[in-house]
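Here chain A shows up in two complexes: once beside chain B, once beside chain C.
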Partner chain A sequence: MDPLIVTQAINVVYAVSILAVLALGLAVIFGLLGVLNIAHGEFIMIGAYCAYVTESRGWPYLVAVPLTLAVCSLLGAAVEWIMIRRLYRRPFDTLVATWGLSLLLRKIAEAFFGPGFRSVTIPLPGTIKFLGTEYPIYRLMLIVVSLAVVSVLVIWYGRSRTGSRIRAMVNNPELAQAQGISVRRLAAATFVVGTCLAGFAGVMVAPLVPVQPFMGLDYVLRSFFVLIVGGLGSVSGLLSGAVVIGGFDSVISAVTDAANGYFAVLVLAILFLWLRPRGIVARA
Partner chain B sequence: MRAPSIVVLIVIALPLLLGEFWAYQLGLYALYAAAAVGIGLCWGQAGFLPLGQALFFGLAAYLSGFAFIGFQNHLIIAVLMLPFAALASGLLAYAIGYIVFRRTGESGAYFSMITLALSLLAFQIATSWNSVTGGFDGLKGIPGLPGLDDLSDNYYVSAAVLLVVLALAAWLYSAPIGVLWRALAQNERRLQLFGFDTNQLKSIAFGVSGLIAGMGGALYAPEQGIVTPQLAGFGLSADLVIWAAVGGRGSLLGPVIGTLLVGSLSSELRDTLPFWEVAMALFFIAIVLIFPRGIAGLAEPFLRKIEGRKRGRPFIAAPDAPTQRPPAALTLHDVSVRVGEVTILDGLSIDFDRAGIFCVIGPNGAGKTSMFNAISGELSGVSGQIGLGGSDIVGLVPNRISGLGVARKLQIPSVFPDLSIADNLAIALWSGRAAKVQLLKPRLRRWTSPMLEQLQSRYPFLASGPRKALELSHGEQQILELAMALLTEPRVLLLDEPCAGLSPEETDAVMGLVRWAAQRLGGAIIIIEHDMSLVKELAEVVYVLHNGTLLAKGGVAAIQADAKVRAVYVGGEK
Partner chain C sequence: MAIEKKGFTRRTILGTAAAGLALGTAPSLIRPAAAAGEFKIGLFIPLSGPASLFGPSSQACAELAADEVNKNGGILGRPIKLLATDAGGPPAESAKSAVRLMLEEKADLFIGMHDSATREALVATIKGKVPYIYTPVYEGGECDFNVYSLGETPNQQARPSIGWLAGEQKAKTYYLIGDDYVWPHKTNAEAKKYIAESGGSVTGEEYVPFGAPNKFEEVVTRIKSAKPDVVVITLVGADNVNFNRTFAGFGLDKDIARLAFLLEENTLMGVGAESSANLYSCMGYFANDPSAANTKFKAAYQAKLGDKAPLLNTLGISCYAGVKSAHQLVTKAEGTDGKKCMAASEGLTFETASGPATMHGRQVDKAMFLANCKGTQFNVVKTFSDVKSGSECKA
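Up next, the complex of A and B:
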């Protein structure tokens, strides 16, 4: 096959899998807790800045992972405690409050790092021969890591005790509480898992994008559209949304330019709103 | 001295007191303030939050920039085109609102996220469409407004536009449409059941907010001489929301105060104090969580004076209800509803084919409330026919069905808690009577009708106008909602457990009202009721529902003697 086509095909696979990981944290928080965390993109930004700090200190790149997880879990827990906890079941107030949070996190990043771009060098530079074409190693690795993260989360959610407790909480919080599950602690933990996933995604993409305070906006919108198109509350929904949005965006952007890709995604999301408002995989 | 004239005087005196630089600054922020008033309209009145409002400001600014550059030798033409630039923004906003609201029917996350995405998109288009917009550097060298030479002239123009915007907003807030916006923010479903197209009301609110943002943006171009992509982008959109919130989104002047105070302070301080914007973001969160009324909330007593007091003015007779058409038969034929595996209604056929009081009873889960939901158009996937006066109403949206003369009282008292009793009652009077254009006339708030007067003499609390509905007791709220349903003078009245949770005295009052209504309306009144002693007193015919279908029908005594009914209630064979 034409190596160019193979490269483009891998590009689409890459776009889809990275989008799935980028949207994963939002999917957990929005899908399970019903909280639309507009600051989701800013947790991705925090992950990216953690990668930047790691590199500028001269630490090995993998240090960024525990660093991000520490920052995002502390911050996520604090936010849940101060802000989100009083707003469960008040979706509109949550929207406004997390929008304020996203603003706050951006301004903090700007105050510390300045408004300009920072770049992070790719930890695994170079290309590798793959399916008859030269492809960047780091991107290939990201595809593998993305799939691994999604599958580990799915297996954990389906098999572990905590996973089944969360399922109980989602289905019926009162009954779960009556069974001795601390819904309050479990919800907090779920929120923290969501913010940590966002931060981890940030570490993954940091070497490939300009790291800047405003980077999160784009991610949260894309993630939101993935969930709208795919449908809330299931892995198949997340993946199909990522396939549609990521595939559409990368194909249109490759054929024309990035602004058109963005426009196409927006139009697609509005079309879905009209034709299939609950997404491809609607939860009963 | 009248309050608005004080505001005008302050506006005229300001540049003389503060000097030219501040006059220039305030002139600029007066334009932003117009856009912030639009946020107040959407968020503080109608209860949905646009996150990309700069889109409309920027669009009008670019359009007016093109006009001023294109007609730089005939600037008067450019000036004449300013209103069209604003109008374009308004129409775009209305169209976006129409597309999004019509489909989701909720004002929450989806709308806000779409508007946010649109403003990012507008920024991208403005930056990348070099040949037209001048790219990142923007449109430069836009000529100024003809005949103005110093900075305070521009200030007066901006201030005049802001005053026009405020006058427009003040008028809308005091007109019925403003009452309906506040009502839909509190209880959208209830408003639909009164026959109002809430999606259209929201689209209009968003359209007006786009129009007034456009008025600010259209003037921005000639006053500043340059239009950059930032004007349509995320940053300004965010600032507008913050200013409206900090100033107080719920009041008319709050967004203006917030913009002039915080906005112009920010432009001074954001470069000198590195953490100024962090502090503003924290402040915003605190406002949202703790003090939603903002600065205007602190200044409330003073502002109330400025915004004008309502004087007691005489009532005006409302036109006759259109539903003074002959009572109509309501017939359900083979109506079924399934959600997933669960059958909610199973081939239900009932005729309410004459005037009178009918009671519907049945064990929990029999499908009583679902039957009401199917009649009033709130269930999707209904099969079969529901006939009202001979025409099939299956598939119509709730507000259409209400317009045909079906009124409903919900099980949990469902009024507009933050509105006054008078406004609650007025909404019911407008239902079906007021043409859409009439909703712009403030005098409609003084409508009354013979039935309202009769109700007020039965229940004097209904005449205590300015009290908020939430201050009423549970029983009074039940009576208020029932009164509201009656005021529409419906052909068919659906009452879902009207006496639930009431004391014996309150129950008597409601029962008296129901009997009075049956005589007064002359249509069918259908009541879901559990309490057999009430059923015995009220019902002419009793219908028993079980598993989504009609089990028995007849007089009270016959029903009580019916073996099948007894079996269901005693819990024998299902």
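Up next, the complex of A and C:
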């Protein structure tokens, strides 16, 4: 087959899988806790800066993963304790509060690293022959890692004890509390998992994009689109949202140009809000 | 505690989320106290939003120039007071700030380092009542009343660099990629003329939405299939970094040269050493210019700002030239009257970071440097001296 078509097809798979991982943290925080986390992109940004710090200190790239998890869990726990805990029943207040948080985090990043661009070296440089076409190794690896992360989370959420406690909490918090589940602690832990997933996504994309304080803005809107189109609170919703948003954008960008791809994403989001506001996979 | 989400819909969520993001770029204004006898310059630079990374060096360079002018008696005996104002938000916001500066502060002159959309809004607001000096690289052709442009034009960037690539590198085919707004479109329209003049042809031309979260896998795959000799890049900021990293990531940097028209020191830092092979930039200034004038300028800059000095680049130093040219212009015209200033601007000589410059037709002819990137450094391979702006205003 024509290598152009093969490469564009891999691009579509790449776009969908990276978008699923980028939206994953928000899917947890917004989808399960109902917190409209506008600062989602800033946690991705923090992950990317952790990758930058790792590289500039000369540590191996994988050190960025525990570093990010440590930073994002501490920060996530603090934010949940100081701010989010008081706002669980008030979605609009979470939106305003996390918007303020996003400004603060951006300014903190600027204070530490300056407003300029930073670049992170690709840990696996070069291209490899794949399905008859040369494709960057690191991007292929990201596809694999994305699928792995999403699958692990699906299995854990579906099979583990904590997963079933979270499901109980999401479906009926009072009843879960009555059953002896510490809803307060569980919600805090869920929030921290969400911020850690965002940070992890930041480590993954850091070598591909400009690392700067504003980079989070690129991801937050698209992540919300994924959840709106896919539907909240389920992995199938997240995946179908990523397939529709990432897939349409990538296919239309490949067939025509990037402006049409972006336009298609906006039209899709509007159509879904209008005709199917609960998304593709509506939770019961 | 309940984790329920009753009482709001995704519809309202999206609306509020979009409003929240829009608020994120709202400008912050500075309100300095009025003082008599000062020569007030409204300095429009990006202080918020993604372009704000160019703000610190622009402000620092303008302040350095103002210090130097003030040490020698200011403008017409009045010390310069810079009113740094945000131009990083929507053009309408900058226009509102300009109205306020004119009415409340009685600003004597405006200097702007921002995009062309904001320039058009400011020109329509200021209406030539006071001089307006527009400093950055731009598409040329700005000839409104009492407006003066200092930046690189397509005739200065595209003509010599494409000529050089056609001669030295035997480049024949070109692919144009830019952000979708006025500067890339007009620059590429000019570039296409020079490509045709050099005997080359354009195999593709496309634009990505400006300000959108762009990704470039699809574009790069298309370029790979088109196999041009040169990719001409008029992307700015993060898009420029993103494209170049994706381009090199797909391994295209080995066989295809890239020529970028807004690639300065900050952007090259983002592109990074492993993605900058075979990448060219053509600008009127690079911070590592070894000339005596630049060495002196950098020493003064360093002395003023110390180790925390923002990275120098052609955009930042254009604000230095902006203040210096304002000094000469108003001194020669003995005031800020539009007709007198326009007359005085012809042949006006003023200092820049890289030596003296002369204004012709309210544009500036200048030396241009074509650099090949070596890691995150610009390595000048060819200097074109005294390149005409090619867009001199008639009157």
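One rule holds in what follows: the second predicted complex is superposed on the first by the 273 of 284 C-alpha atoms of A that agree within 3 Å, B and C clash if a C-alpha of one lies under 4 Å from a C-alpha of the other, contacts with A are read in each partner's own complex, and residues count from 1 in each chain.
Methods note: a contact is a pair of C-beta atoms (placed from the backbone, for glycine too) under 8 Å apart; a residue touches a chain by one contact, two chains touch by 3 or more.
All figures in this text were calculated on a predicted structure; none of them were measured in a lab.
Colleague: Identify whether chain B and chain C fit side by side or clash on chain A in the overlaid structures.
Modeller: After superposition on chain A, which the two structures share, chain B runs into chain C.
Colleague: Between chain B and chain C, whom does A:178 touch in the aligned arrangement: first, second, both, or neither?
Modeller: A:178 contacts neither chain B nor chain C.
Colleague: Of the partners chain B and chain C, which touch A:218 in the superposed model: first, second, both, neither?
Modeller: Both: A:218 reaches chain B and chain C.
Colleague: Given the touch rule stated above, what does A:262 touch, chain B (first), chain C (second), both, or neither?
Modeller: both
Colleague: Taking the superposition on A as described, I'd like to know which of chain B and chain C A:148 touches: first, second, both or neither.
Modeller: Neither partner.
Colleague: Is A:36 touching anything from chain B or chain C once the two structures are fitted on A? First, second, both or neither.
Modeller: Both: A:36 reaches chain B and chain C.
Colleague: Of chain B and chain C, which one touches more of chain A's residues?
Modeller: The partner that reaches more residues of chain A in the superposed model: C.
Colleague: For A:118, select first, second, both or neither according to whether it touches chain B, chain C, the two together, or no partner.
Modeller: second
Colleague: On the A-aligned overlay, A:107 touches which partner chain: chain B = first, chain C = second, or both, or neither?
Modeller: So A:107 only meets chain B here.
Colleague: A:83 in the overlay: touching chain B, chain C, both, or neither? Say first, second, both or neither.
Modeller: first
Colleague: Given the touch rule stated above, what does A:95 touch, chain B (first), chain C (second), both, or neither?
Modeller: It touches chain B and chain C both.
Colleague: Would you mind checking which of 6-14, 78-86, 114-122 or 384-392 on chain B runs into chain C after superposing?
Modeller: Clashes with chain C appear only in stretch 114-122.
Colleague: Using the superposition described at the top, list the residues of chain A that contact chain B and also contact chain C.
Modeller: Touching chain B and chain C on chain A: residues 36, 38, 91-92, 95-96, 99, 103, 214, 217-218, 221, 224, 228, 257, 259, 262-263, 269, 273, 277.
Colleague: Could you please specify the touching residues of chain A with respect to chain B in the complex?
Modeller: These residues of chain A touch chain B: 36, 38, 83, 86, 91-93, 95-97, 99-101, 103-104, 106-108, 110-111, 214, 217-218, 221, 224-225, 228, 257, 259, 262-263, 266, 269-270, 273-274, 277, 284.
Colleague: In their complex, what parts of chain C are in touch with chain A?
Modeller: Listed in rising order, the residues of chain C that touch chain A are 1-5, 7-11, 13-14, 16-18, 20-21, 23-24, 49-50, 52-53, 55-56, 180, 206-209, 212-219, 221-222, 224-225, 238, 241-242, 245-246, 249-251, 266-267, 269-275, 310-311.
Colleague: For the complex, give me every residue of chain B touching chain A.
Modeller: Checking each residue of chain B against chain A gives 47, 49, 51, 99-100, 103-104, 107-110, 112-114, 116-118, 120-121, 124-125, 128, 234, 238, 241-242, 274-275, 277-278, 280-282, 284-285, 288-289, 340.
Colleague: Which residues, counting only chain A, touch chain C once they are in their complex?
Modeller: Per the touch definition, chain A meets chain C at residues 3-4, 7-8, 11, 14-15, 32-34, 36, 38, 88-89, 91-92, 95-96, 99, 102-103, 114-122, 125-127, 134-136, 138-139, 169-170, 173-174, 177, 183-184, 187, 208-212, 214-215, 217-222, 224, 228, 232, 250, 253-254, 257-259, 261-263, 269, 272-273, 277-279.
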